[in-house]
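Should a chain be cited, it is by its letter among A, B, C and D, assigned in written order, with residues numbered from 1 in that chain.
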């Protein structure tokens, strides 16, 4: 996608489908003197829902973003919309949760350093100390928060405090091997994206590469999804697969899977950071 | 895509980028009482061009399509737009040109019969008689128009007359082994889609599978493109590839390529029939 | 793959892994004066099993295939092998089972007519009369064997008799909507390949495209597998996927799935017809 | 692939096709008491060439690798073969050449550290100093060898000396932006693998992503090939593509292409390190 030098606002809208929505939003934005750059729209006829992603320029002379916000807010109330608005000059802040595997971590931090994401990665939390040096090599803060069954509730409080303190907008579980408690998910207040190392809903649960090996599949997959209180059941953002064969041992599936996990998670994170993902029920709209 | 029972209009717009376009079009459609169902939009910042595909319902009580057309026409003049408007109850009419290979022909006619296209296929023209029976088995009219260097101009006149007589909206070259003259292309008056059996611009010209074999590539491709007077240089609509290896002889590439040609051509035809393709310069916007 | 004019034998071997197997087989074939054209080999270190596919020329002057068979049989006994031997001049005979959907049927018969398979398709069995004309258009025999819960045992006997009468080597369920009884599977005596319209083991059972739609997956798949008495649990031969999105309704998944089912089933059938598939436990080795 | 604890020899063979080769090699290896683990074989009927990759266990009691080598050498002479033999306990040594882009470099060094390659990476040579710290962070030696038109011959001598000094078996150009001289290629004495950022032979030469953008392709590719004195014309080892659209600017193609370059180069390097690649004429056999 084009990344123009101007200041761009991205509006996400979801609501019950009804007549006149598109025209009303366009009029609100144009009325505030903003030029619409890009718009994607979707109607789910079964759920009877309407979704829109609309990007507009707020850097023109005489444009007052606050006025656009007021106009959008008015339309939003009229149509019963859920909306979110983000600005290109306020990059999202991402916290990564990791354990011992470093492939997704290194991949995301490398991409961030290479300028692939319009985002900041100020915090990495791990239940193991192993990746501290790797994280610091990328200039991010590393917090070791060991967790066991006895201290889980208390340690999750600590994690929530760290997220608030660092003003995090998104949590990414980059092969984090702890299950988040329902309480944590309730209270985190920002989206949480997880990478599952199978083509969900195949091979839900533990050791999916072993399960795939036993079943003799000819493709293995990875799935990035939003985390809900239902383990491995959250809305899917992105999936992909790679071919395997009778020659692949579990160790080969793990190796091929690493590449897949990196790619799928990076694409999902990118989609989210560019405000392309809307959740409804157990599904997503991903405007690409 | 959803295929609602209502009567739907699809508007394609392209013009120089400028402020207020989106809002103006939305207002014109809403002003005529029509509900916008779906909209996709693209700005090419390099070419400074704006493109939109917008679908709206014209089956509501009190909606007058002619009023929508007048309003759109007014906006179109104001902004210097190129527009096209089609209606779901007026299916496009497609002519196929073939020679001796039947795979793309059978694939397209089978898809048509299976209801995959909202279109009619009233005419097949061939420079060989071989596929007459196959075509008639699908209930389409077959016209044998043999061509040699001496009679080409005259026979192309005959083809143009057949296209006009059958009120054709689109010509598809489904592995047609004759080069259309510049004169034919000038006068045909409807888009012409061709399938080239390579990943253009690799292996331009004759015998691309032989060229691919000689070069030892590890993937072969197919390309569906709009036909212009520049052979194999027209705007690309769709491409895909399939893996090959040292084990593949030319005959294997031909076999694998057939599957690819069918898929790529069918997708391109489908995109065109659903009014998803806009041409500009030597490129296309394909809203999918 | 090369398709030489000579008469070629293809030997498939599976046995417990042990020293000297490769050399013993090579010596047996060479000893009978045959030239080895191609050999693939695989060892599963976990199952401790050895697999080989070996093609050799039996058309040279002075070669006696019977002598090669004797030598192979001797090696086979010595090492406790399971072997199968087929000859390029004795094409396999395939029966298709269908119901009402014609896409896999037409695809396989078209490929057969186009010379893609070294096989004959002398028989199509259906529990519905609808596809009789389509089948006869390809010159194959159509047998209507209607099945209900009351007559199932009896009608399956009729099917088995038809398979024997037509000397069938392979049964392909080309979207056949009846579950074969355990008794049928026990007695059929030839491999049975099925196409399941999901990426197994995801969406086992009925209406997988509806299940996929409800789950909001971003890819849909198809799986060709050998049929065992465990429904949807047989050894997988081939799988593939295609991308889908929030824009796809169930009807779109069905349409995209048709292309996938055709491709995946055709590849699996081709692999089997070229003697590339070995089954062991619930898995396959596919030498490609 | 399985990575057994035993010591494994991998033999690559190429020669004119002739009767008895497979049996002779198998007999030579078995005669030396070695068990064949895996064998792949290919005949190119057009070039009339035979190729084989054969892995055998040399860790059994009583096995003398030297005896196997003598037996193979005898067979090799008899049939006029080109052979190469490598052992699992003597990992290949790889030198990387880089300029300023770090994505392929970091990817390869990360994979090496993660144990994906059975190889050592003792040396990185660059014409720029920028990546020195990155390289040292992975524990590899970094050599800055700046090159301009005046000093090229002399600096290439220095590079050749470094390769010899570090006993390098393979050179990988990981987005190295200097053209190697014909003299360097003649004298380097080990294979050189390059990653080209297009689907060769499309977009040969400079700025392929710009060329792809101008042409409006719907897929971009990357190609890993062996370097010969013909720029971008060497034998292809591996290629892959990724989908792009009208929404992708050149900067997006560059970003998507980075992922592709990493994957394609890593696969090609892996294939080479596992002795799966044989070159003949301008082609490769890649046994996978």
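Here is the rule we go by: a residue touches a chain if its C-beta (ideal position, glycine included) is under 8 Å from a C-beta of that chain, and two chains touch if they have at least 3 such contacts.
These numbers come from a predicted model, not from an experiment.
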* **Repeated interface matching A-C, over half of the contact pairs identical, chosen among A-B, B-D or B-C** => B-D
* Structure fact -> Check: interface with higher C-beta contact count, C-D vs B-D, is B-D
* Asked: Using the average of all C-alpha atoms in each chain as its centre, how far is it in Å between chain C and chain D?
  -> 36
* Between chain B and chain D, tell me the centre distance in angstrom, where each centre is the average of that chain's C-alpha atoms. => 42
* **Residues of chain C engaged with two or more neighbouring chains** => 2, 42, 45, 247, 249
* Spell out the part of chain D that touches chain C in their complex, as residue ranges. => 2, 4, 19-23, 26-27, 29-30, 35-43, 45
* Asked: For the complex, which residues does chain A have touching chain D?
  -> 1-3, 103, 106, 110, 114, 116, 137, 247-249, 251-252, 255, 258-259, 263
* To do: In the complex, go through chain B and note every residue touching chain D.
  => 42, 44-46, 51, 199-203, 215-219, 221, 235-241, 245-247, 249, 282-286
